[in-house]
């Protein structure tokens, strides 16, 4: 609430909020995936974030943002599976590496973390903006955060808003990556589930900061 | 229509009428069998009587009642299958043997034929009256024909009426033979499909005489 | 009910034709009288011939079990309808090598009567025939006041073990005795989650509400013993096993073959969930599961459901179970 | 949708436990990390190890194909969800006998990424790993603008032939080459009459009207290429075969393995009706069906439907197909 950076406690709060939101919106995410995928995205993320909650308890109270993010990364990688598991796992892993051992993240560090996360996803999944994937939420979010100046909370708000718009903007698209790409024109009119979960995560980040 | 006995032409007419009625009421017979059996009685008889029609054409114009009945018997045995195939097959076979080489059947001969048919069914299937099978239509029909005096047409009318009553009277029964016997009390309230097809056959006999 | 068929009146013909083409290395098919599926090398010199058959719709039973170490011929009737005597007689002639023929018949009035006529006709042609009636279904009361127990999934085990006895060269009397022994020691109970629809019918053979299951189902979509609310798989398994165990009865230290059989529309993963609990219950009771078989072997078209079968075995029966078999649907040891 | 399950979140665990208990003569199961189904005698000295895996719900794929002459380990993920790297790594370690390990991966983003991570981790532990991606589904356009073709029923043939190559002692390079050759010559197309429902879901993965079928369906209840009115089986077969034949293309005098695969809820009789027409069409085209396989091998829970797979073979590939195999779901020649 003050001008200080985002510390380990916030990171933990954020992740707990993501877990709660994923649990609450599990069916909705799965329903998006049912329309153009295989009806498991909500279930996958919920399994992962429930496991994360269990592990968070065992983590040191004074863990850095980077340490929290690393724990999230390894837990998602080993519990989620599917496409979202490795992609979000890589995102959190690269984000944690960008955070390093900083005790708190200022706006510049936040942008580094978000950029590293997005770049990790692109490196693994090879999706470009417009391919109707989570990249379509991440990329505008990174750009908005970078343009937001040096208030870290404002940067998070901007990222969350841009991710939400990016997710909505996937609706008219034909998909070129992931399961929805099998559908051709039939994917048009449906929102990409991964872009929506990305939006959920960044909204939780802004709301807990 | 006169007082003469039932000749080969009538026998043929009768069987053609049975075939037509079975085709018309196929679904109904199968629906009865669906409720307390395996949903094929109408289908089975229709397959059999369609085959009979094909064979009847090749039969001599002046074939005796016994010859027509024998053809029906062997055709049903080799095309119907299930329980009804051997049972009706035996009925027509024993009936044809009782008819012998008579050119026409008077009332006494008719009663002999019907009795032989019923006895054949009982000998093969071991059902007693009240077991909720076709025997419950045959037995009152034989009795009514025997009691009808020496007008062969009146005898057939009496047999048809009694068979219809016998079929209706199977409804409150628990079955002791055939598939319906697996159901115990659950068969109560449903008419036995074989008793209904017997009633159909004897009604056609009366109507064509 | 949507089906992958052409003409509803030709489903059996076309299915048999496809089966024959796909397994020409194992079987050949006689189409007139329709249909007899015969072991490719029948009659096998000196060997007792094994013939089974019954209504279609239970595939792979029986045609899938024709081959080395099991049946010599199978006679598929119309859908859920016993075959007529003509093809049964033809099958009997095709497999007779002079050592006689065993008819394995599931206990349904139609099957019993048609096989009976065929056996009489075969006898008249000088072929020695014995008949074994299979009636393993504990869902039906066996009494003077019913048509008796039905033959269901246990039929597979009768065919397997009698087939092995015939393959090793046993006499007709001895093969028939093996078949009767197996039948006397095998018990089955089934259930359905959903009904089946015969191709020529416009509606399913019975209806179940979205939360109902049918316990004690037969294999022709005949209604079962009772209709109850859907329960967890483990509870359902307990319900099926209880009457089986009581009936023989099966006792501590018995050795058994455990067959978990899918009704046609049940995914394999669910069969293994059922197997898991069945094995657990048997272990608790001190019953030794010597062999296991899990799959959809005796089915009712696309019906969803399962049956559990236990066969009490000794060394000899276990040896017959383990003996090599090579058919379209069952293969091991060779 | 009624199911024979207990807790929807435990269907995979309990199914694997049942599978392991029923087939203890062929496999053992590692439960932590969950789950790895390993060939009983792995690692087989000197032999290249074969690991496959993927989302559950396609049984008997992959666990049913673990055993002599086929896979050394299978890694079942959550329902329709690729497994995570941990159990894949564990499987890789369990089957490595020093000759290296081949990962057979169906082409889905999730499977590819998780196997990729596992392969990296295995390499870091000094295990040589090669990966073959299976993408036999002609329903999906293979282009830069999609995730590429899906791996479907052809996977079974890749696993069988590569398994035979490994069993005869081929090197890792050679086994991988066989797998890639098979993948390059195998084509599949599927369709569905009804959807499937994952256990944790309240509703089916898609819906079809009573007169509609989905052509070009995947094996996860993903919507297909197009939705059309129900047609006779023969017309549907023609629709499935046409794009398969054109794609490779298959030509006159080619020899093929023909696999007619049920989606889980389709009765065997319908698969044979499909087989009949497929064999007829291939005969008309002068294509020689050298071997046939008909059954529900690569499924989508209780989905009703079928896929047709053709593999173009030469003498060597045919020899690998015929080589002995002894797994829960596929057995011959031994």
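Each chain carries a letter (A, B, C and D) given by its place in the written order, and its residues are counted from 1.
To be clear about the criterion, a residue touches a chain if its C-beta (ideal position, glycine included) is under 8 Å from a C-beta of that chain, and two chains touch if they have at least 3 such contacts.
In this text, all values refer to a predicted model and were calculated from it rather than measured experimentally.
Between the contact lists of chain A and chain C, the overlap consists of D. The distance from the centre of chain A to the centre of chain B, with each centre set as the mean of the Cα atoms, comes to 76 Å. Chain C and chain D have CA centres that are 29 Å apart. Centres computed as Cα averages put chain B at a distance of 55 Å from chain D. Measuring from the averaged C-alpha position of chain B to that of chain C gives a distance of 32 Å.
Contacts between chains trace an open chain of neighbours here, each touching only the next in line.
Which chains touch which is summed up as A-D, B-C, C-D. Only residues 27, 30, 34, 36-40, 43-44, 47, 77-87, 124-125, 176-179, 181-184, 186 of chain A touch chain D when the two sit together in their complex.
Those residues of chain D that touch chain C in the shared complex are 2-7, 11-12, 14-19, 21-23, 56-57, 59-60, 64, 193-194, 210-211, 213, 230, 232-234, 236, 260, 264-277, 279, 292, 294, 296, 299, 301-302, 304-306, 331-332, 334.
Of all residues in chain D, those touching chain A in their complex are 33, 55, 77-86, 108-110, 113-114, 116-117, 139-141, 145-147, 150, 198, 200-203, 205-206, 218, 220-223.
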